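Structure incoming, see below.
Chains here go by letter, A, B, C and D, matching the order in which they are written, and residues are numbered from 1 within each.
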Amino acid sequence: MIVVMAPGAGEDQIKEVTSRLELMGLSVHRSSGEERTVLGAVGDPGGVDFEDIRRLPGVRDVVKITVPFKLVSRVFQPETTVIKVGKAEIGGQRIALMAGPCSVESEEQTFQVAESVARQGGGFLRGGAFKPRTSPYTFQGLGEEGLSILRRAADQHGLAVVTEVLDVSQVPMVERYADMLQIGARNMQNFPLLREVGRSKKPVLLKRGMSATIEEWLLAAEYVLSSGNRQVALCERGIRTFETYTRNTLDLSSVPVVQQLSHLPIVVDPSHATGLRDKVGPMARAAVAAGADGLMVEVHPQPERALSDGAQSLDLAHFEDMVRRCRAVAETVGRTL
Amino acid sequence: MIVVMAPGAGEDQIKEVTSRLELMGLSVHRSSGEERTVLGAVGDPGGVDFEDIRRLPGVRDVVKITVPFKLVSRVFQPETTVIKVGKAEIGGQRIALMAGPCSVESEEQTFQVAESVARQGGGFLRGGAFKPRTSPYTFQGLGEEGLSILRRAADQHGLAVVTEVLDVSQVPMVERYADMLQIGARNMQNFPLLREVGRSKKPVLLKRGMSATIEEWLLAAEYVLSSGNRQVALCERGIRTFETYTRNTLDLSSVPVVQQLSHLPIVVDPSHATGLRDKVGPMARAAVAAGADGLMVEVHPQPERALSDGAQSLDLAHFEDMVRRCRAVAETVGRTL
Amino acid sequence: MIVVMAPGAGEDQIKEVTSRLELMGLSVHRSSGEERTVLGAVGDPGGVDFEDIRRLPGVRDVVKITVPFKLVSRVFQPETTVIKVGKAEIGGQRIALMAGPCSVESEEQTFQVAESVARQGGGFLRGGAFKPRTSPYTFQGLGEEGLSILRRAADQHGLAVVTEVLDVSQVPMVERYADMLQIGARNMQNFPLLREVGRSKKPVLLKRGMSATIEEWLLAAEYVLSSGNRQVALCERGIRTFETYTRNTLDLSSVPVVQQLSHLPIVVDPSHATGLRDKVGPMARAAVAAGADGLMVEVHPQPERALSDGAQSLDLAHFEDMVRRCRAVAETVGRTL
Amino acid sequence: MIVVMAPGAGEDQIKEVTSRLELMGLSVHRSSGEERTVLGAVGDPGGVDFEDIRRLPGVRDVVKITVPFKLVSRVFQPETTVIKVGKAEIGGQRIALMAGPCSVESEEQTFQVAESVARQGGGFLRGGAFKPRTSPYTFQGLGEEGLSILRRAADQHGLAVVTEVLDVSQVPMVERYADMLQIGARNMQNFPLLREVGRSKKPVLLKRGMSATIEEWLLAAEYVLSSGNRQVALCERGIRTFETYTRNTLDLSSVPVVQQLSHLPIVVDPSHATGLRDKVGPMARAAVAAGADGLMVEVHPQPERALSDGAQSLDLAHFEDMVRRCRAVAETVGRTL
């Protein structure tokens, strides 16, 4: 870390910054020029809050020389992590396909979708049993019954189950039914939950928070890895902006940015990002072209009867068309689907 | 709810929307004009997801006629809720003053601050024992020891304790020490936690999420109230924008907006919002002038030695100066402090 | 337009809204139910500011039944506009390729790039002669000399010139050299300039403003069309969000959204959007997959010596690689490049 | 400027950065440690685009040691600029009061408001004669007739006129009628216009762009000052965020931030920021408490009949009440109004 003092910073201010850095276990080298003083701090800055230093009196700026994450960094592990779940994988040459209803509503609905996902070559059945809903008065999911339906539908068609866990206390139950634990956007910085799934043997799908920077997202993944679980995939699902036509703004540039910074595979969810059924196909193709390692989409046999997010769900015919067209794009970037 | 169909919407689309609304328990009145059809849906739309209807094929727009929250609404309860905690209160004629260190670090630090808060007439000692930190490698708080220090410091000076609870499993422990349970910005949509504190006898301070709309914030409060706990205060602490000079952008207009929509009292935290010590005073005064029911500020005897957020903490002298100047503003808006 | 009054809105408030709508030339139909009154306003609402009505006392909500733009709407003209510039076109089956340096710096630089653009099958040479720069102290462009260099380089290689015009007074000069007039992001709502290029015979490339909604962008295009010039292409170049890793956030979902709402073709500029050279290729491929009608990229023979935006410019080899890979993606969406 | 190279940056990358900095006229000092190389560049970096350097291959980070603006900086001029316009001033002990209709609509309307502004002790009559409107089909202002009405109304009541100029070509006409030239939010980065008003003898009111950072805003002011006009006041009018309840989000923390960075006075416009009449009063009081040097508000004798922005305009009685209450707050911060 390099700390640049403001011109006119007093000797007492320089000493305060120095002693604070030393308290943090760093060794400090001082270089005072005509105009200003620059302090170089060497050591392991893992525990240092750069913002705190930046805002000390007399400090003009702080340069982070090391990135704040370690285990998720591509410097730490150059080759991309490949997560294996049953016969499916995320991060390999083949693009992972995760599809299913927003909410598990019934056996019939779920088995129908699972059959279609399997026929399209998908590896993962997704579906919510516990739904985080903005209003307490809307449908909150079937709970354990939903998990059981998911498990049986997936088993019948040789799929893996990925489903959301909302709270530390739910982890053991969800682990019994699911092959991969999903952390939703609203929980991206639920640190006790991140630590808990970090102690799980099941891989984790970590959605980006609605207003999370890429750095914060990677640090959230760092919580999981540093608790012992290295099997983490990231999922871009749109960020919040001033644009109101789409539900969120899908940030596809996060795909190459994450792939440069980290070895973790990255999946794109165009359904939640756009909130608009007829925009899912174009955005899924764009995600594949941008290099995504997986796609997660909402599929429902009768979207117009869905109990949640029907307007963004594809029906089975549109889903099959989407896969076919994405497959063509995948070939042009050297992947299969 | 009024659903406006697009010009050219087909009869099948109109029927699909109609049958979907009826499935939700609403009765539907149809009015077809030359250019378009408008559907009026009457009934209790508490459980309806408007966005889903808006995105059905053939729908141009949806008007929400009832607001999506009930118990928190000023229509439901016209008079402002006054929360009483020991001798202190929030929502009354006197502006609540909540102050203390970002993190509880030691007995000495906490007792020193508590003494100052009490001398300034403050009612609440704030301080973090469990800290949600972006990086897993930074200081995470003293845990239960921190709670115990807070309790003793508050008791010695006749203050109430307000402190953050991070997870459902922590609620019983935090309840033993605290007078008011704080839900942090990152947990504003941690719905299991909201329901859990909704079952508590202790009042709740609900911080606005970093990118939460006012409507989402009020719906989060609705989770707490609908679980049985009516003692909720809201806390504006800045939202995330593109501006980087300040940590967040303090949205002071949320104060009169919330006060119009809801009967819940609203507190403003200028420390987290700005992240800059010398901006805390002006923003605290502005909050009082805007009509805030309380102020929450970070105070530390030696901010330059703080283990977290030192750069935004006031020292004791600046804190006392801030209170004195806010008191003058309070008088001009008919309040005391 | 439908105006929904709040429950409890007084007769005087209803009358005020009614008379205001009538003042605007609309005829108003009133329907009062048990709980509330709804006003339907029929007529040409072209000149009505919906927000004003929405904020009148007693008004709960306003539904826009007609979209606020006309000439740019796909309802008004179902088939996509195809802009022909010399042998090149935008909006046809072939994806338009626009490339060149951020700033025109010298003959040698510009001719070198033009040669490469032509060899790759591109139709447009882009380059700035007048540069809008955030600071008054940075390089502001070569002015008319730059235009002359662009013209000669384009002519030698059979390309069309697209370049930015900053001000009404510059239009005649830029028109003499350019084949297409670019309106930059900072000028998207410079209404006198929009009207002025609306009176030009040259086609217009209208960049999206840094924080413009899609509706505002289409209304800016409406200014140009309503002044007489129907030859307008839109250009998505990233919007401003809280993410700092990329310069802006490329909003690729604007491509299918615009194509649904409007008949105007849409071009994507991944160079300005990301600000990062190695992200241009993936985002260009994604844009093609999403259905973009054109690509605009910055190319420089020696990006490391560029006087502006060098860090986001491709060198000639990377540019040629980008085109080759985009061409493969184009085929999968039924286009050529 | 300090450039920090990435660990593993090659010798060729270091040389490229060095030679580029030297090309910009800076002298470069190299310091290579075990892990990485740091380059210090000394000289006048006025013309350097830091972002370009930051994005060169092999560069980890760049520290700006000097701020990018000069003439507007408080380092350059420690005492606050006081702008004198007739008997009124901005930046002095007395808070400037600017009020008037959004659009000039008629003599009667304008004279009525002017009388009220004068009676309240205001110094400036505001009002739009040329209105920048999102849609080409809404009321665009009375043009020169509007300017003439403004001038006569102001003269009758001893007020100064502040009004918007939309384009370079309008400057001479607006200068004939106005005492102060307003640059609207949409034109904050219209650089030819900034240079043109920079050559005027009339003071300038520069509104913050809808998505402008404080640094960009100050650099826009730098354009005006560097063209010769030192009489510039800034105007905060809200920034664009995801919140939809208010039209924009008033960023009141920009007041103390600007006052620390710059000697230019800062005015706050709560009418455009909130878009809601009943939020104007609380936000005006908050602005005064935060230290604003002026207030700009929209006033209309019959807001419900206004041709633009009626919903955010105060009527005369509410305006007078607002002034009275702001005056009380002003006293508590050592100002008059």
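Keep in mind that, in the parts below, a residue touches a chain if its C-beta (ideal position, glycine included) is under 8 Å from a C-beta of that chain, and two chains touch if they have at least 3 such contacts.
Because the structure is predicted, anything quoted here is derived from the model rather than measured.
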Quick check on chain B against chain C: do more than half of the interface residue numbers occur in both copies, making it same, or fewer, making it different?
same
Relative to chain B, which chain has the most distant C-alpha mean position?
C
Rounded Å distance, chain B centre to chain D centre (Cα mean)
31
How far is the middle of chain B from the middle of chain C, if each middle is the mean of its Cα atoms, in Å?
39
How many angstrom between the C-alpha centroids of chain D and chain C?
26
Residues of chain B that touch two or more other chains: which are they?
211, 240-242, 244, 276
Of all residues in chain C, those that touch chain D in their complex:
16, 20, 23, 46-49, 51-57, 68-69, 132-139, 166-170, 186-187, 189-193, 210-211, 216, 219, 222-223, 226-227, 240, 247, 275-277, 304-306, 308-312
Quick one: which bits of chain B touch chain C in the complex? Just the residue numbers, please.
2, 4, 7, 36, 38, 40, 60-61, 63-65, 75, 240-242, 244
Touching residues (chain side chain C, partner chain A) in the complex:
211, 213-215, 239, 241-246, 249-257, 260, 273-274, 276, 278-279, 282-283, 285-291, 325, 328-329, 331-333
